[in-house]
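Going by the order they are written in, the chains are A, B, C, D and E; count residues from 1 in each one.
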Amino acid sequence: MTANLNLWLFPLLPLAGAAINGVLGKKSSRRAVTTIALFFSGAAFIWAVKVWLAVMFTRDPRWAGVLDLPHTEFFAHWIRITGFSADFAFYLDQLSLVMLLVVTGVGFLIHIYSVGYMWDDPSYSRFFSYLNLFMFFMLTLVLANNYLLMFIGWEGVGLASYLLIGFWFTKDSAASAGKKAFIVNRIGDFGFLIALFLLIKHFGSLDFEQVFQGVSPLASETGEAGLLTAISILLMVGACGKSAQIPLYVWLPDAMEGPTPVSALIHAATMVTAGVYMVARSHVIFERAPTALMVVAIIGTLTAFFAATIGIAQTDIKKVLAYSTISQLGYMFMACGVGAFSAGIFHLMTHAFFKGLLFLGAGSVIHAVGGEQDMRKMGGLKSYIPWTFLTMSIATLAIAGIPPLAGFWSKDEILWKAYQVSPVYWGIGVVTAFITSFYMFRLLYMTFFGDYRGAQVDAHRHGSDGHDSHGHGEPHESPMVMLVPLMILAVLSLVGGFVGWGNHFERFLAPVFGAGEVTAEAASRVTEWLLMIVSVTVAALGWWLAYLLYYQRPDLPQKIANSLGSFYQTLVHKYYVDEIYAAVFVKPLVDGSTRILWQGVDRKIIDAAVNDSADGARHASDEVRQMQSGNIRSYAGWIAAGSAVVIAFMIWMAVGR
Amino acid sequence: MSTESLSPIILTLVTFVPLAGALLLMLLPRRDRDIRVFALVVSLLTFVLSLHLPVYFHRAQAGFQYQINKQWVSTPNIHYHMGVDGISMWLVVLTTFLTPLCVLISWKSIHERVKEFFILLLILETALIGVFTSLDLFLFYFFWEATLIPMALLIGIFGHERKVYAAVKFFMYTMIGSVFMLAAILWLYANTGSFDFVVIRDKIASGAVPGFAAAAQWLFLGFFLAFAVKVPLFPFHTWLPDAHVEAPTAGSVLLAGVLLKMGTYGLLRFNLGLFPEQSRQNAWWVMTLALIGIIYGALVAMVQPNMKKLIAYSSVSHLGFVVLGIFSFTQAGLNGAMFVMLAHGISTGGLFMLAGVLHDRRHTYEISEFGGLALPMPVYAASYLVIVLASVGLPLMNGFIGEFLVLSGAFQDKAVYGILGATGIIWSAVYLLWMYQRVFYGKVTHPVNNSMGDLIGSEKMAIWPCAAAALVMGVAPILWLGAIDPAVHAALAPFAQVVSKVVGP
Amino acid sequence: MILTPAALYSAGTYSPTLPQSADYVRILPEIILSIFGMTVMVLEPLLDEETGQKVLGLIALVGTLAGLGATWFMAQAPGLAFWNMVQVDGFSVFFHVLVIAIAAVVILSSYEYMTVQRIRAGEYYALILFGVVGMALMSSAIELVLIFIALEISSISSYVLAGFRRHEASSAESSLKYFLLGSFATAFFLYGVALMFGATGSTNIDLISKTLQAGPLPLLASAAVAFMFVGLGFKVAAAPFHVWTPDVYEGAPAPIVGFMSTAPKAAAFAVLLRVVFVIHVPGMLRLIWVAAALSMTLGNMGALVQNNVKRLLAYSSIAHAGYILVAFAASPQLGTSAAMFYTAAYAAMNLGAFAVVSHFANAGERYVTLEDYEGLGRSSPLLAATLTVSLLSLIGIPMTGGFFAKFYVFSAAVQANLIWLTIIGVLNSGIGAYYYLRIIVMMYMRESRREVPVTPVPLALGLALAVCLAATLYLGIFPGGVLQNAQDSARQFAPQTLHEGSAPALVSTVP
Amino acid sequence: MLGAGYSVLVMNFHLILFLAFGAVCVGGAVNLLVQRHPINSALSLIAVMAALAGEYLLLGAEFVAAVQVIVYAGAIMVLFVFVIMLLNAGEEEHTNGSQVAVLLGVPGMLTGSVLMAWVVLRHSRTESVAIGALPGPPNDIAQLLFHDFLLPFEVTSVLILIAIMGAVVLASKPEAAAGKVE
Amino acid sequence: MVPLSCYLLLSGFLFACGVVGFLVKRNIITIFMSIELMLNGVNLSFVAFAAHWHALAGQVFVFFVMVVAAAEAAVGLAIIIAVYRTRETLNVDQVNLLKL
């Protein structure tokens, strides 16, 4: 075609950055590394903006035919065999455009932030090459035009997160966390793969367009079992792994072992939302499998609530955010489950803003107090680090759903859609909203208000965190390079919600998800308002409760905890899920393989059989040797007997005929 | 002159250049350095020659190419008949690719009886290539048996503590396995009057073989047993861990990289090619064995305290994929099987080289002896990670393509096969990453490991090509599949109705 | 006067009164060999020890070479001689060449052994030469009585040779065992001849077969064949008549073992071939089927745990006799050619092995246990390499004669639909690999713990080894020539098929 | 009367003689087995041979009979006796080193011989041989020996040569060898 | 007139006696003698069959057998002497150095 968008640039730019830093980084200076990393991620972002602008506003005839989305660009052959093929080809529509902007944008900001955060880390270049590598895979995932290419990104981001979680690999916990993340994701991918096989088997292709064309004529399945239901549920399994939903969420909290920017980028803003994106992308299939949709909704709802409750009792600032992330993802899946894909994506975007901000803020806090992550050792920081405080409080308001910040819009949208399907979802959603605002403000108060409970920061507190040079005396504000991204994100969290004003966002995505849901029926405007009020009040309540417990009466929480006793412990220990998994899956598997399979079957049965037969042969051999008594007469005896047999045989043969 | 004019004799060249090199090597004085260099040159020359095959290969065309067919013995009617199709060609290239790397990886680690070592290595290469190139059943068996001795000697002479036990076990296992194949081959000759693969195949297909119906099942089993031991399939695999643990690095590389492929190649070429009917009838239990191999091998690998044993069992698991793919009789399955063969050859070969690097420095394979190696030897750690990821089957690495195709093929054949097989991708991640963590992450547990030097030149030259190949094969599998696909298509011709399933409704 | 082939044929006018020149030409090798044998015998007293060792050996060697030359002349004049006593055909020529060549190699490899073991050279070489005369006659004789005498010649010479290290108790004992049991078995053979004479009134194989084909089969003939089989089975060490082999081989001088295990065996097989395929009586094939299976199994089983190399090789020779018998059980033409090829290949590889053993055994044959071979691969690579090749050939690894030998035998068996025998055979060859491998393992994979002197390889032995090696490899890579020869001679004398379970023989079906 | 009786005697003369010689043969053979001292065994063997010579005569093979007595009973057995004397072999003590011989060999032999007896009887039931059935005068024998069987006859010379040489080698005093040993 | 079978049976009996002697006698020389006995048995059947077939060849064979027997005797006795020199015994049961 005459002109195209060179979509292949998106993945390849960060890849180039990753390659350069990975190969030359060790030798070159920090400055050089920084330039490379920022240049390539920034370039991707700028290109994304350019594409967006082009799509939105260009009316240049030259671009006609290019810009009417969806738009596919073939790059190269990948796998081609008789009856099946998958290519490197990129697919751009409104959905992937949104993701594109979010990923490159937030990603770029976090790159900038990391420059400050990781400056003193000995393996600075390694970090950035990993980060760029992540961008590469994430963009591949977003832009893929077939499930297999998507799977590359899917597994690739898993790899990147494995590497980044285990970035400080000398810490065993970090290494294990990375491994855990990868393996749990693999379990999800298992489901994903099976889904792909089903698709291949029944549609002979993995290209989105072909698959969806194949699917769309099929009637919506009502029954429990059914091809599309199976496919959807299997895809959902994959999503559960990637987006940390029940039952595969366990890896995300551990993932906080990674450097904070990583938590912000991968485990809040982008990678973990890949599941949502994938479900939304496959909405054509899901919409025809109501059972599957229900499953998605239920999983989402439960996860939202469940994770939120755990969030209450956590004291590690990043852990709190991690569980809140899980819970927010739950919201997104709830949205998809009720068919409100655009709402889900909307929340995905806003969440990327404020949750990214929260993590970066937390990072700045940790940075300030020299690596301390336990909120009980913080407090009263707002005077030390005002900027961080300001931005983080904005984010908190946003996530808590206080209008008119971003979170309010998207969450409210979801709750409203959920209500339309079933009040139950809505109910749980609201309760969750309450809890959310409670623990978020709890975090805020514990961290910034009251008076500083932490010891004087000594230079080497966060040894593993690798910044050891500074940390003089009292907590200190972060450098500008870290604050700027905070501020930008804060602004976005403030105003980001307004794109949803009057269903603009929905309209924008309508070509993808179909126009059916855009027409909000005027009749139920009232209910919508009512619900909105309810959720806002609930959020306010949560705030108030947090204020009460953690600002006015800081002694209360302990009392309450004591009174709750075991239940509280259960929360603190995250419902003992890790322990249960360890007891039910991990241990039996390892022991069984060792005792039964390896020592048992392999050694005691198969190998023993082999060796025994060898010994048997040797014994037989000994028997045979006994013939050789060395006595001539015995030998003669053998010969005589033998000859008798021979004679008898021959005569018998002769007489026989 | 254009190098294409070599085509008629290229296979002979590729096969026998290493042997000639070995013979020359015998005459060379015992100056280790010269010997190493010479061996390297010979193996590289072979590699370059073998590149002729893919370069001038007519990809679209399914049949055998570069054929050479001369009578060797008049009665019995044995022909020197060689030729490659898309299937065997890549295995030849794989062999010639791995051998120079074996020479390099042995550069420093072998310091006594160097001459014998490289002579054996080169002889082994000739035998291996011969196995893949020969189209005359007799010739095939000839090379097949010929691989035994050098391998057994490599293990037995240059191996570690229990080398003798391992060598003898390896030898006897394979020997006894293959005699049944000999019997089957003899039967075929007796009733077709030819050893020529193509001739026999056509005669069987046209039903012109007296008493075939009665014997077919036994013939199938005769071939199958020989190959199953070599692969190795589940109950016949116990020679593999011992052989690997005791073998010198180069030995392990060729053993895992190529020797095991002889088995799968045999299944693909002969069991499928000659006895399609029986193959289909027996597929169910063969695939079951393969599945057991996949899961069982992985689980056992997971709990191995010894790095080489772990890799060995992982081979059992991976080769299970190959067999699964072959007996799914689907286009995807066979393509995948072929690709897994190549991928496994590269990545597992690489893993063994890396394990060997550790052994050279610490003389142990016990995982517990290491830990936190990423600090003292970062380059090593990075290379190791790449190979591990390739072996785990990460997309864009060679492992993924094959496994994906195999599993999708198996799934098309019977869903449950695909599903059970797909658990393999979880297991592989578990045992390899766990091993990697125990070896490289955490603090350095044994002080002695702090002083371990990073990769040296020859090791880099040996390992990095593997990593590169793993990557290229993952990104551009089309280069390989392009030639494999038509051959596989032809191989599946007798299974027409099965093939049709691939395209779907 | 010099005999040219042309002259022979012109002289071929047969008169009942006196033997013609052609008759003499047809036994020329025997004559030449006997003459040289006597020369050696006569010269022996005239020479002192050292010169004797050398010169006599040389003469003997020349004698064998001359014998080979004579065989060429003989081959030019195929046909009957001495009133149907001997028949010169491809078959007999093949075995003449084989046997005489074996003798040559043995003489070469004995060359040094003699001095080391302090053996009186004269009788030794003379006995070998005379023995060869007997064996050569066995292969060409078609008259049972002549066969019997020839058999006795070869046997008695080997009895004596076995006892040559007579200051060794073991040698004397092996000689005694061989002698007593040998003559015991020969008596059986003789009785068989008598019964055959009684059954048919003749002792000429051709006449016998004609008579038997003509009329109904007399019971006596079957019994006669049974008796003969006992005698011959003993000579070829086929189960259950193999019991003597290990003891005798262990005690006898190593080079002689090499000789005994190849030449007389080959000759005996030649006779057996004639008896089985020319005088054919029903049931013979099945009998041989059983004998083959037994020999293979017992031989391999017995060898598994042997620690004395000579003994181990003795058991292996039993097993190999079994393999050859497999060929007998097959259809005549393929079977015959396969057996012929096998004997040749077996001769090559076994002689090689024993040459090394005899050199390595050293004075008084002190080093013959497996432990002594530890680290041989290091201390003397060449010897080890040669032994390895021979052993690999015995295992039946490609590129060696043993491989093709086994291969032809089994393919002959399969083509005769002897599937089970084939399976037993291949399984045996699989198991048998183990004990040959043990020796290789010892040589290469173990470090020598004991001090074993390795003397440099002298020229003669080196030559012998080279010949064996070359032969083994030649048969392993270009088997065509020898096999073709074997098949042609087989076609000459063996009937197309027998009226007993054997598939249509298909020789060379080139598509 | 006398004539009749004489004729009867003549009629059965052959049978009687056969039985007489046969009895000696059997007795000698059995005696060879039961005798403990080798000398006795040797003597009984000589008896057997002599009796066999008689049987040969009955069959008309007079030359064979003569040679049997001269060469066999004379030369060969003398050799035996000589050796027995030389090694002054005494009573053989009854060691039983071999069960196989007794448990396997003898029964095997018995079955074998029974079978053979049956075969022989079945082979030639009624036909009988007259006394002196086939006279073998030396000149006829010579005809065969030096014409038809010329080759075997010549070859036997080689045989004898070997025998002599073997005897020389093996029986020569080992001192001759021992001198070389050291 | 004596039936041929009688001669054959006699010869067979002698042969059998020889075999038994080989099996049961302990003295090497005696064993050797029993071999001679076997040969004699064979000779008888040769002559008998000669008479049966009216083929003089049968009688000629006997000469050859005798020659062979003589040769065997010479060698055999020499061997026995050699054994006696090294082992100081003629008991066959004690000549079993080589075994297994």
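By our rule, a contact is a pair of C-beta atoms (placed from the backbone, for glycine too) under 8 Å apart; a residue touches a chain by one contact, two chains touch by 3 or more.
Note that the structure is a prediction, hence the values are computed from the model and not measured.
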item: Identity of the chain that, by mean CA position, is farthest from subunit A; value: D
item: Innermost chain, taking as reference the mean of every protein Cα atom displayed; value: B
item: Contact pairs, highest-scoring chain pair; value: D-E
item: Chain centre separation in whole Å, for subunit E relative to subunit D (CA means); value: 7
item: Distance from the mean Cα position of subunit E to that of subunit B, given in whole angstrom; value: 65
item: Rounded Å distance, subunit B centre to subunit D centre (Cα mean); value: 71
item: Interchain centroid distance [CA atoms averaged], subunit A/subunit B, Å; value: 37
item: Of all residues in subunit A, the ones touching two or more other chains; value: 625, 628-634, 636-643, 645, 647, 651
item: Residues of subunit D engaged with two or more neighbouring chains; value: 97-98, 101-102, 105-106, 109, 112, 115-116, 119-120, 123, 148-149, 152, 156, 159, 162-163, 166, 168-170, 174
item: Subunit B residues counted as touching two or more neighbouring chains; value: 172
item: Chain pairs in mutual contact under the definition given at the outset; value: A-B, A-C, A-D, A-E, B-C, C-D, C-E, D-E
item: In the complex, subunit A residues that touch subunit D; value: 629, 631, 633-634, 636-645, 647-648, 651
item: In the complex with subunit D, residue positions of subunit C that touch it; value: 19, 27, 30, 34, 37-38, 41, 49, 81-83, 85-86, 118, 120, 123, 126-127, 130-131, 133-134, 137, 143, 145-146, 149-150, 152-153, 156-157, 159-160, 163-164, 166-167, 175, 198-199, 218-220, 223
item: Subunit B to subunit C touching residues, read off their complex; value: 71-77, 113, 138, 141-143, 145-146, 148-149, 152-153, 156-157, 163-164, 167-168, 171-172, 175-176, 179-180, 182-183, 186-187, 189-190, 193-194, 196, 199
item: Subunit A contact footprint on subunit E (complex, rising order); value: 19, 22-24, 31, 92-93, 95-100
item: Subunit E contact footprint on subunit D (complex, rising order); value: 14-15, 18, 22, 25-26, 29-30, 32-33, 38, 41-42, 45, 48-49, 52, 55-56, 58-61, 63-64, 67-68, 71-72, 75-76, 79-80, 83-84, 86-87, 89, 92-98, 101-102, 105-106, 109, 112-113, 116-117, 120-121, 123-130, 133-134, 136, 140-141, 144-145, 148-149, 152, 156, 159-160, 162-164, 166-171, 174
